[in-house]
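Quick one: structure below, then a few questions.
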């Protein structure tokens, strides 16, 4: 694996929703990043349906079927369906495989009967909780790999939300400990991803399937949700933003190992990833309010190629089941974006999305295309190590936040950020020194096993 | 009451979301149509909560409270909350009043504590089902009027979805009977509205409350939902579009009696109403997928002043309760629209909304600003009677549909439409003749009582 | 305003993709006059149907007019509706026309014609959303069932009583509101208590399969056009369990 | 790209509207050294807290160091957190620092210090989302409770057994998934069966007030920062009904 050394885009101005430098083709005629945005719907099964494979198959048959049907009812031309494995689907790799097979069959039927173009993404559950199992050598590890193999037979795209470094991150995030974030997210996360993604890409190649991508849901999203909205007091928003910048160092590893996108929707770091790699990305924002609240509901769509709801539990609403309802909304969201592209108004439309949130909060600010690009640039300009590029990305992110007076920060947020900047500048230069320091500092963190990362 | 005789807008080009010729101010600083779009959230109580006033008060306290709270969490500056009365709230006028009082209090608190600007709309349930009660003289009629009086004390805005003519419409819509639609919607509906809205406006004036507006939900929406999407075979889409054009003749009566808007969200005829009257309108489209599917998810936002979800039952989702979730989405929808206004890109943004759906289906086509304006023009140019202007609107709508080759019609839809056009041209010129004809033709329709309309 | 010429990236008109080739109704009778009777039904012209029925009754038995004119005409309409050629209003108008003719035949016979079986229909107590029911009524009617139409906002006891008195092959309920559909399990349990194990098909916007299959007798009706098929099954002796197995799940 | 200068029509920064004026921690001890101990807790500096505690122990009794230095320092942090001045990491770091000092005092005493009472905490079986629980642990700890931390993915039986053995004043559960929260009513019913009427506070993203108040013993926890107050109530003898009445509804 080689660290990225240059930007796919010469400037942020070139980045736009719907088009990626390296578009990706799926079965049934879908092209990601090929000029238009594609809606991505993610259903979540109801409690109880996980009891048997039969009941779970039935649950997904309906949830996915309702999404396809709603496209035909309202006229949406394209759809990506993601099934994020629940525990049982990965723990029993056959289950995930059967569900993928059933979904592919449904999509073939809809293509034939109506001409609807759809694709299926299987996201394997990373069952390896670092403080509970050995990341590289456990039954769970084997189940995860086997699940990829089963699903790759039928799915268009395979993905995962990998967990490396989570044990250290959890300890650090509630202690204002920026070194712990760098170690847990960038270093441990990156190491674990390289180990995992080389295998995933090989499986995908063998099965003629697309290796989608990864997300730092386990860490950067946890930080973002803890930072929360305007009345939370759990984690400063500035720290969550730094955590996001740091995680780009590890999420990009998937693409450095050969994954091609479309990336994972919940990876809010994706605009940074796109600026560097040029792969098509999937993002979620306002229409994933069904799954969580965030402060970057529109800006996160500014350069996306798929548009997702993150996850919605399958049940009835007045207007139909939740998967039908959210498919309809996502489809209309992208219809307006795609109209803007075909009208030649995409830059004006993008400006509306960006101005909606760039100064609403720290995440919206740093993920705004201009800033995301700059953070990506810091990453590639400092690509000696997972550590160096993660730190450079975070420092750049911090400088940007402190440097733009339109981004208002409370006194507390500002002082916290200045503290993190000082802390980062005091850290060792070399990755080896940093790792030595951290192995000591975090030796007592519950369940942290350096060996599981080859350290 | 005087029939409108001129257009508020000189051309469709002047119409834009967020701005109305006659803006309306509410308490707590909200201005409808004053330059920016305001989100309107409509919660619906869960079954069981209607058992006692106490349980219903508690249900709305939460549902409305969650919406207000979510605005503060994600930073949405403004919110209109509508509570559409369920049966019990109008049947017991005190209940609706108490709920309005409680909601006003919650809004005062949020204004004081956080600076959030909110307003409350009470929509009284029209309990008068024409085939079951005498529209002008029944206990239900008295309860409806009393409910307005109770709610006007606390609410910012009062509205209703009135039912006049429904008995004839129901008979006609499933029989391809365009004369029945004209009689039920335009004539009976208009007569009943004049009777009702003079009273509502008086109550509003007395209480320093805003008389919002009405909607032809009971008829034009029924036609639209029966026409459904691309696989329904209940009612031709062309007929549903004519039904929509016809209903403008009666919905506008509210404003001719002195209502000022913001109009009712589910009145898809509102773009026509705005073109004629200049009042601020409320619309619903993609983000009301929680309540129903439609084929005009984006275009219906093109000239709106409020943006609504129609109705969502209060319950939990992963991202919070449904009212919080849909408030968040609506708020981001309007944030992008408002950003486009402040950036000066509103016309480009509007073009994206319009191009999304103008040719998706008949409703999107006729409600596109250019066509809505033309239908409004036909209405005012033929304002001799409720009948004449309703028929003119429908004929204009039919001509537009037949005249634009970009609007593709199936052979069946096209032939049906040609049939309706022929039928309309064969109808009497004078309203009096038409009424005579209809009194005979519909004398056997179940429950139709001409006397209840003063006929 | 700027408009596109190609909308294929924005929406797909699936209705045009699946547009069904038009078919004419087939000839159903060798007798010229009876064929005209059938045609008037196919055209949904109730005045014409009445006129022609009167003419036919001058030379033919009422049962022949019904069985070789009116009903075969209606059957054609049902076939074309099933195949996606016809739309609902055509079915309703045809049914109105057929009924106009049948009324005259019954007058001529001096008694009501035998229907396939009775079906009680209603819209739930507190609910006035009855369009779904109106469609169900029309389709059942068109398919030869006798519809006991209780209308909208019908109290639980009234539905149960109508079942007790009429002993229908099937009973249906429509509810569009989550607050009114709760009447259905009450009706089902009272029917059970009276030993009336009548299949109870429940439909309407608010009503989900989960909900209806959570009480005995209940069968979920998704689309109004399932009603005639369901009634046929009930008529042929299927019990509610068999019907639920076939139509739900 | 074009940018606006005025965003007031697009979003409102409510966090700035409600920004709480900063306050310094108050002085808590007349003794200079103990005040320094308290300051080290307020600053969340565990190394400094340990160093100063050692110094203090040279001249003062362990209980004095605890009661006049470490705990008053922590109380200041809790107060500032309650008033919205401090954020969670400051509370956690302060609690780490206090615990570092207390460990040394306990060593000096040769026995553990008396805690207010025990609280058993866990994250539901099958669920590894334990951050909510981690916060609850830290806050309870900071407020002087002894936390029996069972960790994440804890089987029902293990929770019940821990309650039987430890007889805590309160037990808590966290669940972020609708498929795992179903363990809570099972735990509650086993506790009831054993006659252990311990208030059982359940929280976590998946868990709603409706759900938790649908089984006995259950009290819904919305925010982690309610945990110490709830534990105080339980300690002062409130039963689960009283607590539910106070915190829920």
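For reference, chains read A, B, C and D in written order, and residue numbers begin at 1 within each chain.
Throughout what follows, contacts are C-beta pairs under 8 Å (C-beta built on N, C-alpha and C of every residue); 3 or more make two chains touch, one makes a residue touch a chain.
This structure is a prediction, so every number in the text was calculated from the model and none was measured.
Chemist: Which chains sit in contact with both members of the pair chain A and chain B?
Modeler: C, D
Chemist: Which chain's mean C-alpha position is the greatest distance from chain C's?
Modeler: Computed centres place D farthest from chain C.
Chemist: Averaging only over C-alpha atoms, locate the centres of chain A and chain D and give their separation in whole Å.
Modeler: Chain A and chain D have C-alpha centres separated by 32 Å.
Chemist: Where the CA atoms of chain C average out and where those of chain D average out, how many Å apart are those spots?
Modeler: Between these chains, centre-to-centre, one finds 63 Å.
Chemist: In whole angstrom, how far does the Cα centroid of chain B sit from the Cα centroid of chain D?
Modeler: 50
Chemist: Residues of chain A touching 2+ other chains?
Modeler: 72, 75, 230-231, 313, 318, 335, 339, 342-343, 351, 355-357, 360 - these are the residues of chain A that touch more than one other chain.
Chemist: Among the residues of chain C, which ones contact at least 2 other chains?
Modeler: Counting only residues that touch two or more other chains, chain C contributes 2, 4, 10-11, 13-14, 18.
Chemist: Could you draw the chains as nodes, link the ones that touch, and say if you get a line, ring, star, complete or other?
Modeler: Chain contacts: none of line, ring, star or complete; other.
Chemist: Each pair of chains that touch: what are they?
Modeler: Contact pairs between chains: A-B, A-C, A-D, B-C, B-D.
Chemist: In their shared complex, at which residues does chain C touch chain A?
Modeler: 2, 4, 6, 8-14, 17-18, 205-206, 208, 210
Chemist: Under the stated contact criterion, what part of chain A meets chain D in this complex?
Modeler: That would be residues 13, 46-48, 50, 86-87, 129, 132, 170, 174-176, 222, 226, 230-231, 233-236, 313, 347, 350-351, 354-360, 369-370, 406, 408, 410-412, 416 of chain A.
Chemist: Given the complex with chain A, which residues does chain B contribute to the contact?
Modeler: Residues of chain B touching chain A: 44, 70, 72-75, 228-231, 285-295, 297-298, 311-313, 317-320, 322, 324-326, 328-329, 332-333, 335-337, 339-340, 342-343, 345, 348-349, 351-353, 355-357, 360-361.
Chemist: For chain D, which residues count as touching chain A in their complex?
Modeler: Touching chain A: residues 1-4, 7, 10-11, 13-16, 18-19, 22, 81, 84, 86-90, 92-93, 96, 126, 128, 130-131, 134-135, 138, 152-153, 178-179, 182 of chain D.
Chemist: Taking the touch rule as given, give the residues of chain A at its contact with chain C in the complex, in rising order.
Modeler: Against chain C, the touching part of chain A is residues 35-36, 72, 75-77, 113-116, 316, 318, 335, 338-339, 341-343.
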